[in-house]
Each structure stands twice: as C-alpha cells, then as structure tokens.
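Order of writing sets the chain letters: A, B, C and D. Residues in each chain are counted from 1.
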C-alpha cells in the first residue's frame, strides 16, 4: 500500500499545533451550528492563488468554488450535472450569501490554453478545450489581436473572462432577482501572483484597480 | 456603486503584511517559473474545510479543485463542458501531479442534500439535485437504511462517496495508466470539522483511520 | 499691453532663488561647453507628465521632444518640414545620445482623440485628427474591441502606440545602424498620473512592468 | 536585453520620495478631473532649458510643446501630419488655454544650424535643414550681416524667430479670433542659459527685457 503524502501529514500536524489549537472553539461551534459564510468566492484551481490565503480567511468565512480559470457558465437547467451551477445555487439559495466574488489571477493556465487552442499536451479536443470553449469567440477575438503582446492578451482575457462570468451569473434567475433587490452583490477581483497585488473590479465600469489597503 | 467586501480587503491587508511579506520571493519565483505542484486535492466548497488551511500549505503546493461534496464524475468524453474533468485532465496531463487526494468532510451539505432529496429549499429538480444524483443508487440505498442514525448515514455516505470518486478517477484512461505505472497515487481523506481530526483512507481496504502525526 | 503671466514670473523667481542659485556653476559650464545629454525623451505635451519632473532631471541631462501623444512618424525624407524627425536627427546625429526613451502616460488626450475620432470639439478633419491618424488602423482595431472597457482600450492603445513609435524610430537609417552597433538603445516607458507609477517596457517582449526603485 | 537607464531610475526614485510624495493628492485629483492648464509653452528640446524647471511649475500647470528651436509654422490645413499645429489646436480649441508663450534660449543648436547651413554633421539636405528652412530668407539675411559678430547674429535670430513664430500663431484662425476677443494672449520669452536670466518680450515693440522679479 502506498502512503498518504508525507508533506500533507506534516502540514496537517502544523495545522493542529497552530491554527486549530488557536481556533478549536470556533471549529467546534461551526460544526454544531453549521456554516453561514456571507461570501462565496469563485476561484481557479491554481496552486498559487488560494482564496483563503490571499484573504487570510478563517474557518467558516468563505464558501469557495474552484475550477479551471474560475469560469461561470450561463444558466442551463437542462438536467445535466453542472457542478459550478450547483455550487452557485447552494451558496445563493441555501446559504444565502451576500457577496459573490469571481477571482481570476495572472498567468492562468486555463486562459493560456484558451489563447493557445492547439498547444500540446492539451488541445481543443480535450476536456480543457471544451471547458475553455465557454469563452469561445471572446478568446478568439483577443487571441487574434496582434497589436498586444502575448502577456497583454493574457491579462486582457483574464479580466474579460471575469466580466463574462459575472454576466453569466446574472442569467441565474435567483442571482438576478437578489441583486436587483440589493441583497446580493457581485464582485470581480484579479490577483497578480508575481507582485502579490489584488486588483478589484469597479462594478460600474468593469475596470480593475488596486484598492487602498 | 457597491464596495468590495470590507472583510476581504482587511484579510488581504493581513496577507500582504504577513504571508506575502515572508514569502515574496517564493511568489515571484512561482510567477516566473510557473506552478509545479505535486499534489491535486479535490475538496468541497464548504467554508470550514479549506485544504490550504488543513494542510498548512504554502503557495505553489496544492492544485485544488473544489465543488459541492468533492465529487468526481466518470470519464465522459461527450463534448460537454465538464469542469471537474477539465481540472483533473489539467492536473494529470499538463502539470503531471504525483498524487490526487479526494478529501471529504463531516456535516457536508451536499451529502445531506443527497440523503434528503425532497428537503427545501433545494430539491431534486435543482442543480444540486442533479449534481448529487451522481451518487444515485448509492445514496438511495444508504438513505433507506433505517438501522443507522441520520448522523451515521451521513458519515457513511461521505466516505462511500470518496471511494466512489476514486473509482471514477480510474475511468480516466491517463489516470488508470499512470497509476498502473506507479507514477500517480490516488488517496482518500476525510476531515472532521468538529474535532479537527483528519482521517486517511487505507488504499487497500478503503477504511478510514487517523494517521500518526 | 498685456502683461507676461504673473504665475510664470513668480515661478521664475522661485527658480532663481532655488535651483539656479544652487546650480549656477552648472548652468555656466553648460553654456560654455554646450549641451551633451546622453538621453533623449520623446514625451507628450500633457501638463501632468513633464519628463524633467518625473525623472527629477537637472540642467543638461535630458534632450526632450514633446508633441501630442509622444508619436514618432516613420522616416520620410520627402523634403517636408518634419519637426519630430528633425529633433530625432539632431539628438542622434549631432548630440550622439545613447538612449531614446518614448514615454507615454495614462489618460492621454491625444490617444483618447484617436479612439473617439468623431468627438467634439476636435474631429478627424482637424490637425489633431490628422496627427493621430499616424496610428490609423491600429487605433481603429483597438477602438472596435468591445470586450475591453473604455479605460482598458485607452491603456492598451497608449502602450501599443509606444511600441509603434519605437518601431518607427528603427526606420531612421542612423537609428537602426547605431542600435545594431550597440551604441544606441531604444526604451519605452509609461507614466500613471494617478498613482505616480512609472512602468518600463521590456525591450524583448514589449511588456510593461514597474521597475524596482 | 538592455536595461532602462540607471540615471532615470534613480531620478524617478527621487521624484517619488520628493515631489510626488508631497503632491500625491494633486496628481490624484489631476488624474480624476483631467488637466486644465491655463498656459501653453512652446519651447526648444534643449536639455538646458526645460520650461517646468525655469518656471518652477507643478503638475497640471503648463501644457508644453517642445521641438527644435521652438518654431511655429504657418497654418497649413493641407491634410499633412503637422505635429506642432496639432498641439496648438489641442491647447487652444480643446483645453482653451489663456496664454501661449513662445520661449527661445541662448546658444540654440537649431538656430545655429540655420545660420550655418553647410556645417557638419547636419546640413540643409537633412530633416534639421528642412525644419529650420521655416526661417528661410530671415536666417539668410541675418547670416549675411557681416557687421555683427557670430554671437550677435545668433542672439538676433533667436529673437527674430520668436517674433516670427508669434506671427505664425496668428495665421491660425481660432488663435487670431480669440486674441482679438481678449481671451488669448501671445507672449515671447528668451532664456539665457549662462546667467539664468529670463528676458520677456514687450508685445507692443517686440523688444526683450528683464522683468522685475
């Protein structure tokens, strides 16, 4: 039998001696009363951009969906098994969160794949290709802009995709209704791995800028 | 215009002054060289069970997929947009991770929904119902076991579901091939929110027990 | 007779009592020996982005051309009176500068005009329209990108234009020759009026990033 | 890849720690509201005669065009790309400045070239030659005046050229109209690099004298 990864066992020992020892009563209370996070984060699987790390979040604070490139599909009640839609529904209808943050990040591998549809080892015929095809014509249009550098195209699509996902969130009837009623706010954020900077989207203009911290 | 949530801005300021300040060169290096995590974690969206927290993981260490109830579907190359499969493909084919850990946890809302298909506000006609139907006959069978208490049924299905997801992982041809070649190991883990205990699955028997730490 | 503007007289008095008093011998020496700046800056007329201010430059340090939107035309030895080309020729052939920096800036009115060709009071039939037509198809292509916000299009064109001007500098035979011989380096820079940040162009990739200061 | 000039990086660091630190809110306000300078300066590219330095001007104060020898051509709406005319148009029509100052200076290399049309390395066949030909018969006439010393001819042409440029400004219909209406004033100035003296033109007589400061 293979062993459970040693680095995880070691990390878990650190958790037990550190955060858990400090927050034991919080975990106990959260187990008894259930979770009631006020914020859902839709983030990427990338190992360098964990929401709990970037927002220094404690247990019970963030309900976190993570998929490749933090994409949200449109509302498609077609009977299919839509994992992202299920998580959104759970957060909004069951947990009644007040905020949804779509958080992208620099150097995103999924966005890179969308801009390089024929790159190996992943290509358009794979799951990644199909998944990123959600950005379809948008990524094609950005990818063909020869005036921008590859890095500029990458950043542009990362941000366009966040706005696109926020637009898709509004196709969910309960999201649209609650937003209109002022009970739910949709936010965009973009994390720069290199510099550690968080850029926040202006909901009126769609532009990203760094908040005062 | 609504403001970005204040608790996130405050948490980000803590991150900047704390972890980022200490690991700035690590972030910078990760941005320059790209990520190369050795482990993928498939976890739940639950706000009380963040993998980076439980495994005290630093930037670049864990590639993390999070969906409701940490489910893995079977391999279905039907052209659909399968977010979970895309993340698995990205981790295995592109990042070439050595380990995949399916991590469940106690008091999981998704598992609870699977065992209570007619509970409000979510029911079988919703995205959550469709998503959890992946456990189909399994959850029905557990749910009808009147000999176990509701809490026992819940824990049982949480663990059955982990083994089910690991089985489904093996339907992906590259996962099966790499596991056979000894290049990829599949693991199960279950986190008890109440006690902070991590339970690890014995890959031979499927049983869960607490590792020495 | 109208009077010379009072704010200029007052500013000149400050100069006399301040910088000139401190650097009198430098001015005297520069008058006797002539100027020998090593760097030419091609900047915009904008009142918020003076090169001497941003680079805290003293007398004799920077040879500065300023036109609307810091544009460089291609080499056109057609006998016309080309002011920008004359300044480049003077800097490279007569002064033998080692560096040319094309410095753009955020919120540039010329770039804005290029992206809004029918806005009043300036339109395409005016000198501004003709001047900015140097960016011709480039600005049209950026202007039609509906996926980016107006602010993103503005920043994108500001940076594309800098790369375009650097490309045009290379159409001057002596610039190309000296650059090849390693005697002249071409640089790009972009100043963010709002934050005071200077972004520097990577000459290999064309990307802009903030230097360590 | 070559590096951005170190003296500029150092100067920028001084700016950040000095003027920018003191005037951060001014920059921020200027970014938000746009520039609204009341004065345009038409100056030379010379590294020893920066308007912001000589007039100790802060951000947002001066809209500055700089070309070789601070020349203004006549109004030529011929569809050509006239950089100087575009800047004048932008200042007068869009920014609605109240003052335009044509500022020359002693020991001007462009004026020297106009008086030495066959000097190397620049000659009349070059861009500088074409550009300075704007002074055409005027510079020939001064150049042939054997009664004056070379230094006297140089200063004489520097001042004649300022008056010539002011005359050319009046060929722009909107400049003439606004001046007649008392909404725009045209000024001449000449800076003596050696002594730091500013000489101001009397608009009635065209003579230059030192103002009381």
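Note that a residue touches a chain if its C-beta (ideal position, glycine included) is under 8 Å from a C-beta of that chain, and two chains touch if they have at least 3 such contacts.
Chains and their UniProt names: A, B, C, D = Carbonic anhydrase.
Because the structure is predicted, anything quoted here is derived from the model rather than measured.
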item	value
Target chain D, source chain B, minimum contact steps	3
Interface sides of chain A and chain B: same vs different residues, half threshold	same
Centroid-based (C-alpha) most distant chain relative to chain B	D
Angle, in degrees to the nearest 5, of the Cα rotation that carries chain B onto chain C	30
C-D or A-C, whichever has more C-beta pairs in contact	C-D
Chain centre separation (chain B, chain C; CA means) in Å	53
Mean-CA-position distance for chain D and chain C (Å)	15
Length of the line joining the C-alpha centres of chain A and chain C, rounded to whole Å	40
Chain A residues counted as touching two or more neighbouring chains	none
Pairwise touch network: line, ring, star, complete, or other	line
Pairs of chains, among all present, that meet the touch criterion	A-B, A-C, C-D
Chain C contact footprint on chain A (complex, rising order)	138, 141-142, 145, 147-152, 156, 159-160, 205-207
Of all residues in chain C, those that touch chain D in their complex	1-2, 4-5, 7-9, 11-16, 18-20, 24, 27-28, 30-32, 34-35, 37-40, 45-48, 50, 52-57, 59-68, 71, 73, 77, 79-91, 93-94, 99, 101, 106-107, 109-110, 113, 121-122, 126-128, 130-134, 185, 187, 189, 192-196, 198, 200, 202-204, 211, 213
